[in-house]
Amino acid sequence: MKKKLWVLAVGAHPDDIEICCAGTLARYAQDGHRVFISIICRGNAGTLDKSVQEIVKIRAEEAQEAANIIGAELIMLNFGDAELFYTKEALEVFIDLVRQVKPHVIITHPPEEENVHNDHLLTRRLIMDASLWATHHNLGMELKYPPVGITPSLFYFDQYMSGFNIHPTHYVDITSTFEIKKKALSQHRSQLSFLGKLYGPNFLEYVEVMARLRGYQCGVKYAEGFRELAVYPRVRPYRVLP
Amino acid sequence: MKKKLWVLAVGAHPDDIEICCAGTLARYAQDGHRVFISIICRGNAGTLDKSVQEIVKIRAEEAQEAANIIGAELIMLNFGDAELFYTKEALEVFIDLVRQVKPHVIITHPPEEENVHNDHLLTRRLIMDASLWATHHNLGMELKYPPVGITPSLFYFDQYMSGFNIHPTHYVDITSTFEIKKKALSQHRSQLSFLGKLYGPNFLEYVEVMARLRGYQCGVKYAEGFRELAVYPRVRPYRVLP
Amino acid sequence: MKKKLWVLAVGAHPDDIEICCAGTLARYAQDGHRVFISIICRGNAGTLDKSVQEIVKIRAEEAQEAANIIGAELIMLNFGDAELFYTKEALEVFIDLVRQVKPHVIITHPPEEENVHNDHLLTRRLIMDASLWATHHNLGMELKYPPVGITPSLFYFDQYMSGFNIHPTHYVDITSTFEIKKKALSQHRSQLSFLGKLYGPNFLEYVEVMARLRGYQCGVKYAEGFRELAVYPRVRPYRVLP
Amino acid sequence: MKKKLWVLAVGAHPDDIEICCAGTLARYAQDGHRVFISIICRGNAGTLDKSVQEIVKIRAEEAQEAANIIGAELIMLNFGDAELFYTKEALEVFIDLVRQVKPHVIITHPPEEENVHNDHLLTRRLIMDASLWATHHNLGMELKYPPVGITPSLFYFDQYMSGFNIHPTHYVDITSTFEIKKKALSQHRSQLSFLGKLYGPNFLEYVEVMARLRGYQCGVKYAEGFRELAVYPRVRPYRVLP
Amino acid sequence: MKKKLWVLAVGAHPDDIEICCAGTLARYAQDGHRVFISIICRGNAGTLDKSVQEIVKIRAEEAQEAANIIGAELIMLNFGDAELFYTKEALEVFIDLVRQVKPHVIITHPPEEENVHNDHLLTRRLIMDASLWATHHNLGMELKYPPVGITPSLFYFDQYMSGFNIHPTHYVDITSTFEIKKKALSQHRSQLSFLGKLYGPNFLEYVEVMARLRGYQCGVKYAEGFRELAVYPRVRPYRVLP
Amino acid sequence: MKKKLWVLAVGAHPDDIEICCAGTLARYAQDGHRVFISIICRGNAGTLDKSVQEIVKIRAEEAQEAANIIGAELIMLNFGDAELFYTKEALEVFIDLVRQVKPHVIITHPPEEENVHNDHLLTRRLIMDASLWATHHNLGMELKYPPVGITPSLFYFDQYMSGFNIHPTHYVDITSTFEIKKKALSQHRSQLSFLGKLYGPNFLEYVEVMARLRGYQCGVKYAEGFRELAVYPRVRPYRVLP
């Protein structure tokens, strides 16, 4: 891939991107591609003791620090946690996101109906649909940006603990960027503590385990796994992943 | 399982629970666990000749009698048939249901996209999502109950006639409670007559057929089948079914 | 099948029906069955340079000419492109569509979660649910037509390019009606030009390729493939396809 | 289907055909088609107390009586139970079986890798392959019969208890022949007793349960389910089942 | 489970059992059940520089030490690596293995057609079939042991790296036995070195990664995953795993 | 991919490779990689009127001409049609094939259990297993070549008409080599005539249809589709297809 790509990673909450595909994004960035991270929900429910205002501010700062480490530009949308629904208004926001970024490649949550979170599933569904409609004229919607010319490729990242039947068909070697991934995830201090209390796992250890496992599968130390949205006109007969 | 469990069965309409998992609920009740049945829609469309007011009253009474026979506490929500949608208001109602009951185990409709009823599918989707969010603070919602501390295990009951590709991975022997199941289902007099006229099958005979089939498969006279929602932090490395 | 059938094909946009099942509809019509084509969205986004008013008028005329060639009655609903959502209002429109036509057989988009278009997926979901509820009384909805007596069989047409994991289980020989199919599709002049510019494929050539492929698979020159919605009380122990 | 069909049902052991598809075979026979039942293994292991010689004689007689009731011609092959392997010699026997009968339709065990019996799986695999090769000349094999001109359609019968993930896509109404099915199965006196002792189920009751279940699914009293082998040049764009 | 169970783990080569299910076997042993490990192939190909005689002797000793640590009785069969085929002779050996041990539960390789090794697949296939036939009389085979009375439950262990689409439906908490698992695996000194040279992964680290991952999924520190063979008369409506 | 790859395409009969992956092989050859085509069966059954000796000679010549056009080296094994079985002798032949060629990449038939031909399935199974064992020492086999150092990546080509549920995850643009593909296939004069008589399809037209379809899916004029064998140590975190 000589061509410079615009890559848009879309995660439901701050930290999803770091857990699932930060190693790959860092490789894109190192290769000179332009990387955007869009976070859909502001993460207000990710706390046991802080106010909405406090936690939202904290998480936005953490997300920005993480994006900086990855080498990505951050775009925070502002949906409330658990308040994303499949409505015209939401679709408008997602279409404008695509039109603003004009990505060649989108990376987002996997589509399996069973996932820990509806925010994950709806993020995937909305960005998939929005990235199709973003090319169309004449939509009966309130949109800020004009149509774009390309329907991007779309890859699902690996969210194996959140849906045990997910399996990648494409691997990216992140041995050279795994430290960046961990450092980026480490910025989400509020969540590493919160998730540990709520669910148990230490996510810094978890990403080590997953990256090692995917690495074993494809013969490198650390890897991330992906699967492609297989509908026309998305698929390309060459590799667009790093 | 020495520990007493709170078990919440969630069915779209009056009679779904009796058809699909009443034998298992009766076993939970007999073992001293606390069993709740929540019915989401009030069953107004389950008639060919009665008024909404009449049929809703009849079905609530039938559901209460059935719950009594099973040994369960009944919680009637009040959605209209075919009027359940994936909205913030519906999600709030479901989150409060989970927070009110605080279940360790939820049993509900299977997730396969092809099911006889959208009410079935949306009931599953809403209770799955609500039982995740019920543990979270700071939601931007109108909620009556405070967050709970546990994300419950979730099992899908066997609704084989309503989706022919469904298959259980766990079986419960209901030989000792099959009569209770039939008696509970028999309370739904209005439906046994209505469904026979609309669709043909006699559901008292149907549950006999299904329970015998699942019994053949696992080596007992009567059984019910289930499948587990396989996402963290739901799964347990021990059996929570009877 | 001696009995005359009412057959309802439901497509999201003008041209979906022609691309996917016009050969089969023409066979139904030639065999003396009554064929309806319902188009859900008015196709306003199917242009690069025309106004909404212009393109909607053009596409309605094209759709009517195509229906005439197939031998079908056209029912245009009037949703905007990308403006179909799973709401009570939409469900009402679909229930009334079913009650108006009273079909024995419905043919529509396939259910796979990955499809080029959300309009496709929602059309399928709404017509599936509506055709169940159309038989019910007492719905808390604004409906123009009274309940119907039969829950129709429902078949998914073959939309292979829009979801690469779709595979038919039933084939219809359209060798005798393939020219009708092409002629009907040719009426959608505005789309053949628009789609070629947007996505590349010439859809007249594409339908030739797909019909040949399905033909090879079942031993005839041209064929269309289908899959049945497998829930009771839909399935019949005899063939309802031509 | 005006044309008279030659139909070949192939079961691993005496009683498999009666349990799984006798109702359909009886319908073929009543419609004037010619029906053959071929049993691959002689059933020597189907006893707890008889000698090989005794049980083999008994089962051949039972199979003949059952075939007579169905209206089918019986062809007993003579493999030992658990002694069917995928060898050249076995393939020769199966090719000659196909060439002898010249069937338009074959009905046999389903292909799922998990089935109670390897004899079931190998019977399926051998008859599938043999019915392809039966049309070929020049095979380096010891064959008694000359090549045939047609590669038959092939349907898998429903063996749901022997592989819980099997699901039919085609149904046959056997309400009119269910008594024939039960009477034919009743001839296998030695097995009904043996299987009850070994495994528990009473197979006369089991077939009632399965036929009722498949009947509920397709809207009749009793039915049998099938699935088609989906490879060219097998599939037909019309129904070859009754 | 008050009853003492006989548990038979069947692995193709020395070290498969330790990698995949030693934690569970150790839990069975600690709970007072009787545990057998049967190794099918003698491991002659597991070296880069030793003679067949040397490596076979070394691996038998390593396997014995590992079995001792787990608390299991070792049964070495003596097939050559890559020399296991589906023949009558092999089936006889496997039937006699089952008849000798008389297990209530068998644990073995998963059935997915894509696995790193045919020895894995054939071991699974042979032990599945043998454990059905072991109950039968009158087999035309050279068998040393008389028929047994029970068809055992059969579980597939988790061999995720060897087939990326495998997913467990049952989990066993091995936090208390994980050190035993690692110590048992450590006995296979010849393989840890050999596999590292041939393929890269350090298997002591790999089992840590897999056990952590399965632990995250079910909420404990270390776990092993399993899936049940779903055919009658195998399945039980209660848990037979620890 | 700067590195020169050794690519081994393995087809059951002369013409399989040309039908399924010749466009991709020609691209490998044009890019300077070394391409081998191995044909397992000598094609003796591919005739209606010629003697074994005649047809075998003809097909070997046709295969050689086709390989020349593709730019590949041809290795004819000499199994009889329908005479490939999973035996030690066959496995030895396949291991030696791998050791002789030392491929980095193998391309062969897909693994789906339902395929038109057992020769296809066994070819896949044997080459998959052989390419694992080829790296091992000490095998108790008669082998001509010493062990190799690498376990190759393995891709399944697209054989969609021979198994309707196959779907590619990787595409190769063969627009630039499609004429080579057709010309190579055209050398199989004996088969184009024979297959037309036996089955109907004209395979020159069929490959046009399939290549167009796969082209539509990935946005080019002509393409071929592939899927990867997903077991370690096969998978690579970069593209090895052209």
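We just call them A, B, C, D, E and F in the order they show up, numbering each chain from 1.
The working rule: contacts are C-beta pairs under 8 Å (C-beta built on N, C-alpha and C of every residue); 3 or more make two chains touch, one makes a residue touch a chain.
None of these values were measured; they are calculated from a predicted model.
The set of chains touching chain B and also touching chain E is given as A, D. In this assembly, the chain whose C-alpha centre lies farthest from chain C is E.
These two copies of the sequence, chain B and chain C, are related by a rotation of 120 degrees on CA atoms, to the nearest 5.
The distance from the centre of chain C to the centre of chain E, with each centre set as the mean of the Cα atoms, comes to 52 Å. Note on chain placement: the centre of chain B and the centre of chain D lie 39 Å apart, centres being C-alpha means.
For the pair chain A and chain C, the distance between mean C-alpha positions equals 35 Å.
Contact with two or more other chains is made by residues 86, 113, 161, 164-165, 167, 200-201, 216-217, 219, 230, 232-233 of chain C.
Of all possible chain pairings, those that touch are A-B, A-C, A-E, A-F, B-C, B-D, B-E, C-D, C-F, D-E, D-F, E-F. Chain F makes touch with chain C in their complex at residues 160-161, 164-165, 167-168, 200-201, 205-206, 209-210, 212-213, 216-217, 219. Against chain C, in their complex, chain A makes its touches with residues 86-88, 91, 111, 113, 125, 128-129, 132-133, 135-141, 151, 229-233. For chain D in complex with chain E, the touching residues are 44-52, 55, 80-83, 85-86, 113-118, 161-165, 198-201. Against chain E, in their complex, chain B makes its touches with residues 167, 169, 171-173, 216-220, 223, 228, 230, 232-233, 235-239.
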